[in-house]
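For reference, chains read A, B, C and D in written order, and residue numbers begin at 1 within each chain.
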Amino acid sequence: MNMGPVRQVLVAVVVALLLAFSLPAAAQEKSRMDVVLERGKLIVVTLTTVPPFAFTDEKGQLVGFDIDIARLVATALFKDPNKVEFVSVTAEGRWPAIESGRADMGVGGTTTYPDRAIRVAFTRPFIDSGISVLVGKKSGIKSIKDLDQDKYTIANLNNPQMADRAKRFFPKTKVLTFDTPAAQFLAVKSGRANALQIDTPSAEYWAAHNTDEMEVLPGLLGASQNNGIFLRTGDFKWWLWLDTAVAEMRTGSWYPQYSEIYHKWFGKNPPPQKFYIQQ
Amino acid sequence: MSFTRWVAIYGPTYATALVWTAITALAAACGAIVWGCLLLLIRLSGGRWGARAVDGYVQLFRNTPVLLPIYLIYFAFPLIGLPWPAVVCGTLALILQNGAYVSEILRGSVNAIDRVQFDAARSIGLAPWSTFQKIVLPQVLVYSIPALGNQIVLLLKDTSLLSAISITELTMQAKLLTEQTGAAYEAFIVVAVLYLLLVSGTEVAFRVTHRAVRWL
Amino acid sequence: MPAGSLALLTQGAMVSLLLAAGAIAGGTLLAILLAAMAFSRLAAVRVVYRVYVYIVRGTPLLVLALILFYAMPALDLRTGPYIAGTLVLIIYTGALFAEVFRGGVLAIPRPQWESARSLGLPPLAMFRKIVVPLVTRYTLPSYVNVCVMTVKASSVLSIISVWELTLAAREIIERTFAVFTILGLAAAFYFVMCFGIDRLGRRLERHLALRGFAGVRA
Amino acid sequence: MIAIRGLQKSFGALRVLYGIDLDIADGEVVALIGRSGCGKTTLLRCINFLEEYEAGEICLDGEPLWYRRGADGGRRRVPEAEARRMRQQMGIVFQQYNLFPHMTVLDNVVLGPRFSQAVSAPEAEALGRRLLARVGLEGKMSAYPAQLSGGQQQRVAIARALAMRPKVLLFDEITSALDPELVGEVEDVIRSLLSDRIMMVLVTHAVGFAREIAHRIAYIADGAIAELGTPSEVLDRPKDPGLKEFLRRVRS
């Protein structure tokens, strides 16, 4: 057996490792905020396939709740909502885009989880988003408890949080994993799966657009979740400003703009600005 | 977290994914070769219509991305009463597309066979089917081994597309780990090295088979 | 069929074609350099070639794209997604074209080399008048093959935020879930582009064959 | 004038030439004959350096070819550019013609002068036309090799070699790949070259043709010159037993 390929493999591994170690160790001397202000434009990484948070309309424009939030941030920085450039990626492309410095911050239905926070920093949530279950009407499933039988199958997205939830709430249900929300939806539509789990706003969006076939089960899977802006870790100045901006949207001077965007995408008012002020 | 520590912790999780990739690749490879031979037979014995039909088939699959058949078989077949499991659908899609490439490779080798051999076979009264089976196919397959090797390597890499229909093979595993740990480089560099090993194994296998042919 | 899809897909197809054209042009130039390395007298240079081709052909483009794209800023290459996408494709197709050219040079029969050498032709004339014309004729079918692969391979770039035909289709699908019509339409676009390249190659082949070439096909 | 001294050549372990000494005067035609595998073709290819050789020296008009005494006294190959200049003084015609399939007949002939010897285009073309007329192919200037018969292609190959205005022409069994009826037209061309008084070395099986045009014939056996002399000495009064056996079988 000639040793050609084995020798090559060793060389290949060495080259690959060299590539790995040459990766970003850029020093943290200048805050990303100064870079953004100097550049005069905000670069935001986002998914493009998660309605109503971030998706493309008929004319191919990137629209959605998270997109408008990002434009609001740009307005604060440059007094112009168009001083923003969106970099679209698929799910797993979000983290390297931030780490490599290709984008200043990220949005797009990105839920905050402790293990994710090791690699990227999150601001406080700009929207609470629970996880709901969407079922086909013909499946006869009326509640989350009904779903917990081995004759049913659920379609998950390819992230570990969905897998954990499935184990916790319906351990007996069989699980399929897909890499895009549309594939999840299609699995239910084609009968490959009886239900799927997705952020509540998305579930409501789909149910609204497929009223005859789909419905959202009452109740959330676990507590409400936090979708926030994510950025590179260790950049206190940039994180502090973004976090303050989000705080101002939900409870401060930007509440009017925030609730306008919220109403536009979810058809109802956001939670009250202050717990002691009733609508 | 350093690269080696990440590999130490998460490396083993690639095991099942590696098995999935290897199984689907192996099954699809065998299927594609058999399907390629059948297409060749149809082209050779089916007269003008046979050749034209196979040409149409090959042009269709050569000029479209493999994602469409993968989606079609997995999501549409249940609606017509064929709810095959994901692995079967994915493998079948790879077979249909790569079978087209295999038949083209085999067709190239048929030209390499000296015309005189067909006359010789006919002169000893061999029926068309046994001529194909005994004379044409063995030589064509052996002449094509190097090209088939390259095609199977391409097929092996195409298995990464099966993550679209819930098969947790290597690339899907890298995506899962990237989501889970945010460590895209580490996840994908490990997957790159694993693919390199699978590809090297395939190339060595084809080289050894080629050399083992005594009459070449 | 959802509104506006045709317009979006056409735009996406244009972008895919542009990406592929850039990758084919860049890849061809890189391949000529790589093929030269493959035939260099220095063993070390040849090994570099073999390792490069081995790694690029050994890993899926998807994996290659992600590693290269996100490593680039670390090397401080301020490039937009489209330029970076084309660069990734060039690195990928460069290896494929290099192997095609290498095969083409090896296909030149030894006697042809000897008659060229016996005329005492200087290297540049040897390259321009003998190697290039013969290699183009020998490798045209496999060259066209790689061009078709490049067009289809460009769909992988959607992972590194490059908006092209496949991402355009997926975005429409995500919004409207009309999966088969959109995927079917996208496949039709790919078919038109790839089949067109294939026909172009065939016509070029006939044109070259007419000018008297009855050589062996690589 | 070509002087070959102590030429030794082996392919790996197999010794092919055991020390060849041969002088070819200006204008002289020498034919090399012998059983296949005796080393006659290898000798020809060493003269044109299409094969390297381990020992020995080849001089053309006094200039040592292909190798030079290195600084350390060792034997060192001449630089590539030097080797090319030397090769331009020699023309070789192969058994399988080896014309360039993608060039017209005229382009094949003009290629050498234009690109190796930097002859101007008009001048090279005029030379090409004259040579093609000389080999009787003036009507086929713009044809492609694939459209010509074997005999015609070989005549173009001769014209191509002549276009370099070489000091010596080397012919490697140029008629043995041709159908019998085409051999005559090629031999006529070689006969016409005699009047040019140009050195020629022919490796051939056509003993009759060798007798007719060669000044001297060398019978090669087992990598050495077994017998050397005028056609009548070698062919009519052979001394070497191997040569006698060879001639008997060739004539039968």
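Operating definition for what follows: a residue touches a chain if its C-beta (ideal position, glycine included) is under 8 Å from a C-beta of that chain, and two chains touch if they have at least 3 such contacts.
Note that the structure is a prediction, hence the values are computed from the model and not measured.
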Legend entry - Any chain in contact with chain C as well as chain D: none
Legend entry - Chain whose averaged C-alpha position falls nearest the assembly-wide average: C
Legend entry - Centre distance in Å when chain A and chain B are each reduced to the mean of their C-alpha atoms: 36
Inset, instruction - Please report how many Å separate the Cα centroid of chain A from that of chain D, as a whole number. - result: 78
Legend entry - Centre-of-Cα separation between chain D and chain B, whole angstrom: 52
Legend entry - Shared interface positions of chain A, touching two or more other chains: 8, 12, 16, 19, 23, 93, 96, 99, 180, 186
Legend entry - chain B, residues touching no fewer than two other chains: 75-76, 174, 184-185, 189, 192, 196, 200
Legend entry - Set of all touching chain pairs, with the criterion as stated earlier: A-B, A-C, B-C, C-D
Legend entry - Contact footprint of chain C on chain D as seen in their complex: 48, 50, 80-81, 84-88, 90-92, 94, 96, 98-104, 111-112, 115-116, 143-147, 157, 160-161, 164
Legend entry - Interface residues, chain A side, partner chain C - complex: 8, 11-12, 15-16, 19, 22-26, 45, 48-51, 55-60, 87-90, 93, 96-97, 99-102, 180-182, 185-186, 189, 210
Legend entry - Residues of chain B that touch chain A when the two form their complex: 1, 3, 74-76, 78-79, 83, 86, 163-166, 168, 172, 174-176, 178-187, 189, 192-193, 196-197, 200, 203-204, 207-208
Inset, instruction - State the interface residues of chain A toward chain B in the complex, per the touch definition above. - result: 1-2, 5-6, 8-9, 12-13, 16-17, 19-21, 23, 91-93, 95-96, 99, 115-116, 118-120, 155, 158-160, 176-180, 183, 186-187, 190-192
Inset, instruction - Show which residues of chain C lie in contact with chain A when the two form their complex. - result: 2-5, 7-8, 11, 47, 50-51, 54-55, 58, 66-67, 69-75, 81, 158-161, 163, 167-168, 170-175, 177, 179
